[in-house]
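The structure appears right after this line, and notes come after that.
To keep things simple, chains are lettered A, B, C, D and E as they appear, and every chain counts its residues starting from 1.
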Amino acid sequence: MEIGKRIADIILMPIVAFVIGLFMVLMLRKIAAKLQRRVGPPFFQPLIDIIKFYSKTTQVSHGLLHDIGIIMAVGGYLAAESLLPVPGMDGLSDKGGIITLTYFLMIPSLGLALGVGQCANPNGSIGISRALTAMLAYDIPFVIVIFGVAWHYGTTDLSEMISLQQAQGWGAFEMPLLALAGLFALQGMMGKQPFEIYVAPAEIATGPMVEMGGKYMGGLFVMQCFQLYTAGVLYTTLFLGGGTHWLDFLIKIFAVVAIPMMIAFTFPRYRTEDMLRLMWKWPVLAGLLGIAFVMY
Amino acid sequence: MNLIALVVALPLLGAFLLPVGARSVGWVGRLLGPALLLLTSLVVIVLWRDSGGVPSHIELGGFQPPLGITFYLDQLALVFALATSLLALLLWPHAAWRDARVAALMLLMVSAASGMALSGDLFNLYVFYELVSVASFGLVAAPKTGAALAATLRYVIISGMGTVMALTGIALIYTQTGTLNLAHLTLLSATTLDNTLGLTAFVLILLGIGVKAELFPVNIWVPEVYATASQRVSALLAGLISKLAIIVIIRLLVLLFPQPEALTLLLVIGALGVLLGELAAWHAKDFERMLAFSSIGQLGLVLMAFSIPGQAGLFAGLAVAMHHLIVKPALFVLAERWSGGFAGLAGAGWKSPWAAGLFILFALSLIGVPPLPGFWAKLMTLLGLLGQDNWIYWTGAGIILLATVFEANYLFRFGLGLFKAGSESRSAKVPVHDAGSLGPSLILGAVLLIATVMITPVGNWLAGVADQLADRELYVTTVLGAGRELP
Amino acid sequence: MSLLDALLLTALGTLIATLATVRTRWVGYVASLGLGLQLLVLFLLAPLGYGAPAVTSGLAWDLFGQPLVLRYDAMSWYFALITLGAGLVSSVYATGAWSDHYRAAGRSPGWLQFALALNVFTMLLLLASGDFLSLFIAWELVSWASFLLMALAAGPALKWSLRYITYATAGAMSMLAALGIVFHLTGSLNYADFMAAVDQWSVGLITLLTVLFGAGFAVKMGILPFHLWQAGAYAETPGPGMAFLGAISSRMGLYGMMLVWVQLIGLIRLIEVHIPLTFLSLRDVLMWIAAFTIILPTYTALKQNDARRLLAWHGIGQGGYMLMGILSASALGSAGGILHIFNYATNQAVLLLAVFAVVYRTGTADLNKLGGLFTRMPLTFVAMLVGIIGLAGIPPMNGFVSKWMVYRSLLSEGMPLLFVASVIGTLGTILSVYKLIHNTFLGQLRLEHEPVQEAPWSMVIPMMVLALIIFLTGFMPGIVLDWVAAVQAAVGLPVLPHTLGGVADAHGGLDMIMLVLVLFAGFGVSALLFYATGRSEPVHQLDNYAGGHFLSADVRYHYSDHFYAGLMHRIGHWYRGSFLWFESVVASLASFLAQWSATFYRLMQPALPMLAMAVIVLWMVS
Amino acid sequence: MSMVFDLQWILYTGAIGLIAIGLVGIIWSRHLFRIILSLAIAEAGANLMLVIAGYRLHGHAPIMVAGVWPEQMVDPVPQAMVLTAIVIGVGIQALALSLAIRVKEAYHSLDIDEIRAAMQADIDAQAGVTGDLSQEEPSGREVIGPTVAAEEGRS
Amino acid sequence: MRNLTSPLFAAGLAFFLLVVVAEFEPGAAPMVVGQAILQEAPETTGTANIVTAVVLGYRGIDTLGEIAILFTASLVAGLVLERRGGKRQAQAPAGNVLRISTQLLFPLMLVIGFYIILHGHLTPGGGFQGGVILAAAFFLPLLARPGIQVRHFGLAVTEGLAGSAFIVIGLIALFQGGAFLQPLFGTGSPGQLLSAGSLPILYLVLGLKVGAELAGLLAHLVYEGSET
């Protein structure tokens, strides 16, 4: 792959991701509205929100690290998107692979955690503590899934996985148990109900976001766009054969994101320890069984 | 060579004269003992130089060997004769400066100990052994506290029983062979003692002499005696006398009882001694008894080393024994100022850093930390034990290894406790070491360090000693001459 | 005289010079200079690190017919590099302001420097050992040298160092047993004879030797179940000493394992040994032990409230990654394991130095008594941030590279459970290092810490150097991978093909240069976006949303204690202290036996055992 | 072995019997004086063993008188040895007795169990330690080092 | 426990010893060395009593050790029993018969004692036997008149000098170029009083020493040992 194409990919992929992410946020809010029998926001509302946040005049900063935290959060996703192949653009996927991507996705979390910590608000710190615990909960089934898939395809390279799936059929059919476990993990990863204890607005004043306003909040919005996009694309890549062309790719990723959304808004919230118990029981069991089927 | 008899005769003469002389001329009593010891060490050194390392023998009373009593002078005997004099000089008890009778007892013990090292006659060994015992009874009882007397009495009773056993063993041997000369017995042993009777006699003698050698079942006197006797006397008993008893046992073993069963017996007894000694030392709560139990363990180790067949075993055993000969007296001397329970000694090391340093040096060597000599001794032992294709030997090696862990723990529990920030009121009472109280330990520490540096020549020399010890032919031809007509 | 002699003699000279100046004020400079010189000599030996043939010392001599051989190969060089690096950094750190502080507390920095120099010397000696005897001798020296370092602090350190030396002696004795068996079997203690003979040995024998040698090394490594001594003993060691110990000392165990298990016995033989009644091979069992070593100590670290102890427990856990990587026997995994030694050493050193800089300024390492120091000690914060990113194995620091290699190899070797176990360990690491940095540098600044200043330069510079190394070797891991490849070649492992940026692999490689560049590009874009959209207004820390309350500085509202309460609700009752229980069972059993022996000596009628013995023995012989 | 009830056999039985009786006495008795007497008995047995070692059936005393040839004499060596052994035994018994006298004064008892207990209490007191033999609380935890659990806080 | 086990173990020991000795030829000592000594002793030492030749000649060093042990025992007994400033209980003097017969017996026992000592190389007896009789002779007055002062110093001088004389005689032989304790002054003709060279002298000092030591021991036990 020539260098020019690669640079173009790296520049384009985050932009695409952001745009799609905006739509996903819109979809999310629409679904929520439908389920709650509301009308829901207009089409450009997510974008408007972001612009609004960034252009606020009152921007309260709790210090340098507060800024750096947001920069890391957004910058990390920007970089991570280049590891996630989409139709026609492979970016850096051959340089990193699935494991690297997983760890790249921790950079935004770390940045956020640092920024929130700097705010010196105990609610924020509690939120981070819960968020990290949640990560511990959903990452275990998630890595089981990653192992199963990577072992099945004999590679950690995401583009290679996609091409193999397009040749052999979708991963979801070959590894249904793993796909199921992955769905669970996805739910946790997106931080939506029933696994949103860490924001717990009534209890800890929205947790990590408690001290965020203006462009800080805007950064978090951008981050959410990327987050939804990444979750959708990753699942699609692992189990739904990626995208041959943009149309089916978009359908798949929106579908993938829509399922958790629908689950999310029909459930109450789990407590941390219950989330741990849930995540470490059924998805892990399913994942391990899935691996057993894959390997033997 | 005949002059070697002086090593026995001179201290004895001194001892006979001392109680008389001390009353008339005070300073005689003070200086006679050390002077005689210096003289005997000189005699040994001169004779050693003359011998050039070749074994020889003397005939006491001028009677030819199988009839009369002989002294056998190989390097081992000479080194122990020398060590006896020098250690006694180094550890000359404080009481001996004041009381001529204690000095006389010391001289008696030295004389008999040298005799034990030298003697080549079974019954003569027994006589010297008894003399050592009786003199040690006196030295041990010398503090005359109730506990010391009671401990001595228990010691006397068990020694007495040992005497009975050993005497019975000697009687059995004599009944079987009709001779007492070790060289002669060596010649006859193949036909007469290589049987149940020989083993029985060996067991009886082992248990008898083993009382002094702190062998496993007959060492019950050890902790209480060492706890009550003056530390220098304990140092002598633990360091020197026990080794002499072991050397006697090993001589008999090599010359008269080369049966494998005897070696296995040594191994088992030694292993039990190591195990119980080190465990009890681990449990001890005061310095003297810790050292006492540790010395039981170490002597078990010596015995195990000697139980390795062949020259390798003798080499290892000698190495362990010589090492312990240096280390244990030094530790007991440290206990002079640091006597009593661990709790009372907390923080004592800050006040006497040199003493603490010496303790740690000796402790390291006891544990067997390279490159100190203790390591080489232990290594030789372990390599020897593991070199046997025999599960008992392997188990023995395992026991040594296990015991070493306990050893490290209790020695350093104490060593580190010396640097505990003890409450001032408690550690204030602990006497501070000075040059005088450290002297013997410093000298022995220097010896240890020199041996560390010169480990190769020391090791080679010791191997030579072991060769001589292992050579039954050499013993027989040296004492009886080659091809002489024997009765 | 070879360069190796020069190295060892320089080390010895450093030791002597340090001892000579131990009571003076310049002892630190002497020691640092000496260590610097040693590092220089080591650089002269650099061809070794790139696979040049081994260098033999002219200092070999015979002891009781046993030739003692000293030699350096690529593995020795690699370990020596880390050792000297850690030693130099610690020594420099301990030299300037820190030593004044230490002296003012009534301690002697001279002895600390001496102990450091002694540790370095003995470790260099260990790395040079060319036969089992010199290996054991140097091993014991290393053990006792680190014992000295641990016991130096007195106070509670005494108890911990006693526990250490008990374990260490047990381990050494296990090695000694193995050594004796080897001598019995081969009649010599040469590596060559061992390697020649190992083919003919039975499976049981190989297992026995593997376990006996391994137990000795495992004690030093803190591999389960021999880990109980490590955290406490390290944590009580004076600052720079702990940094040194934590960085490299326990890795000497890994050196031993690589030497004996990998180079001499050969992993292939361990794989061939099947454990009866299971489908596991000996290698699998060892890997599982490594996995538990990763998980359990890491989650114990999570519970610690003392920064030193937290890091020390991590040290135990990280050892598991190295071991697991090496045992995977693949080119990638073993390279990851070996690389992790270097990476972890840098991470741990920088973290501990940062923690001790905080201790230097605030006087405590208690995570409940700190907080908000970012504004006061920003450079130290950066050092710690770099360290925790590295330790947690998150890009772009070097810790990520080595962990990635381990995961990747477990993946391609098809070891799902071990893979999951190591990821669980990493997650625990992330949780606890966040707790570390949050409780120290983030959140509310305590009132009494208002006047705290940045650590002095003599302490900051070593940290910055280390941080730079961590980043650089994360950015271009190829620098270290060159050495790692040489090590692999030296011990007979498959050699990893690598590039400057990482690993090239058709089915998913790693190129850190690209990734890091993209990452920083992302940060750049993000920063641009952030700062282009107007200035933000800095407010006081207490200007905070607190449910309608006004916060005041004297009230403590830093969320630090019981940090992962939710998690502990779930897993809190899984902490059983089983190993501690097991240890106390063993100790109690021994104590019971000891009491029995003491009772025997106290109560026994003296004559009875003599008689009994006589009869029993006579019965036996007749 | 043929059970020949000749003189020699009776002598051996007697000697060994004395030894056995003496040993039983040493162990069995609690009274110090009895123990010392038992020791004397056992020693007598051992001495008898020695004498028998040189005995020859119908032998003559080893003294050169007319009409007795050396071939008819009994062995002189054991006689000399037994002389030595007896004297040694006497010395040890005297020593033991004198110790016993003083021990009685110190502890007002001649019961060896009581003496032992008193002596050990003495030694312990002097060393400033308690000589506990209680098995109730093994000291296992403390001897190796501090427990980790005690030093751990919550997460 | 020990009440039960000790007879069992002792019986076991006796049994094993009996099994061992049962293998001996009854009443036929091998007499390897003994026979050689019997043959050789009259010429080499000049004693008629071969036991004396063995005690003082062939096994002279044993005898030296033995008197050293006795000396040590007496020394230790003195050391242990010595009491500083303690008052002795005045005991009632013995009856007339005992006192008078003591006076009668004393010279007689002296004579017999010395006779036995001096004829030790000719007839049964010798230094030990005679020494014991001497000790008894000196001990009798103590029994008869318990208040009598024992002259410990005199005893000490006697035993010290006697012991030293033994060694000195041995050393003389050594410095004359012989072996330590080698008999001196030729052998004489066996059977005569003045024969066997230095052996009778040795026996004499031995007798004196044994006598003095036993007397001292007994005196210690009687006086210092008595309860106050």
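As a working rule, a contact is a pair of C-beta atoms (placed from the backbone, for glycine too) under 8 Å apart; a residue touches a chain by one contact, two chains touch by 3 or more.
The shown structure was predicted, so the numbers you read here are calculated from the model rather than taken from an experiment.
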- Item | Chain labels contacting chain A and also chain D | C
- Note on the structure: Contacts shared by chain A with chain B include exactly C
- In terms of CA centroids, furthest away from chain C sits chain E
- Note on the structure: Top of the farthest list for chain B, CA-centroid basis, is A
- Task: Mind naming the chain pair that shares the most C-beta pairs in contact?
- Result: A-C
- Note on the structure: In whole angstrom, the CA-centroid distance of chain B from chain D equals 21
- Item | Whole-Å gap separating chain A and chain C, where each centre is the average of the chain's CA atoms | 35
- Could you give the separation in Å between the centres of chain B and chain C, each centre being the mean of its C-alpha atoms? 45
- Just how far, in Å, is the C-alpha centre of chain E from the one of chain C? 75
- Note on the structure: Check: chain D positions touching at least 2 other chains come out as 19, 23, 26-27, 53-54, 75, 77-78, 81, 84, 88, 91-92, 95, 99, 102, 112, 116, 120, 143-144
- Message: Can you list every residue of chain E that touches 2 or more other chains, as numbers and ranges?
- Response: 2, 6, 9-10, 13, 16-17, 19-21, 23-24, 29, 31, 33-35, 37, 58-59, 62, 65-66, 69, 72-73, 76, 80
- Item | Numbers and ranges of chain C residues touching at least 2 other chains | 159, 162, 166, 563-565, 567, 590-591, 595, 598, 605, 607-608, 611-612, 614, 618, 622
- Message: Strictly by the criterion at the top, what is the full list of touching chain pairs?
- Response: A-C, B-C, B-D, B-E, C-D, C-E, D-E
- Using the touch definition up top, name the residues of chain C that touch chain B in the complex. 61-64, 136-137, 140-141, 144, 151, 154-155, 158-159, 161-162, 165-166, 169-170, 173-174, 176-177, 179-181, 183-184, 590-591, 593-598, 600-601, 604, 606-607, 609-614, 617-618, 620-622
- Item | chain B - residues contacting chain C, complex | 154, 157-158, 161-162, 165, 196, 199-200, 203-204, 207, 216-218, 220-223, 261, 265, 269, 275-277, 279-280, 282-284, 293, 364, 367, 369-371, 375-376, 379-380, 382-383, 385-387, 397-398, 401-402, 404-406, 408-409, 412-413, 416-417, 419-421, 455-456, 459, 463
- Write out the stretch or stretches of chain C touching chain A in their complex. 372, 374-375, 378, 385, 389, 392-395, 400, 404, 407-408, 411-412, 414, 416, 419-420, 423-424, 427-428, 430-431, 434, 437-438, 441-445, 501, 507-511, 514-515, 518-519, 521-527, 529-531, 533-539, 541-547, 557-559, 563-567, 569-571
- Which residues of chain D touch chain E in the complex? 1, 4, 6-9, 12-13, 16-17, 19-21, 23-24, 27-28, 53-57, 61-65, 70-71, 73-81, 83-84, 87-88, 90-92, 94-95, 97-99, 101-102, 104-105
- Of all residues in chain D, those that touch chain B in their complex: 19, 22-23, 26, 32, 35-36, 39, 42-43, 45-47, 49-50, 52-54, 75, 77-78, 81, 84-85, 88-89, 91-92, 95-96, 99-100, 102-103, 106-107, 112, 115-116, 118-120, 122-123, 126-130, 143-144
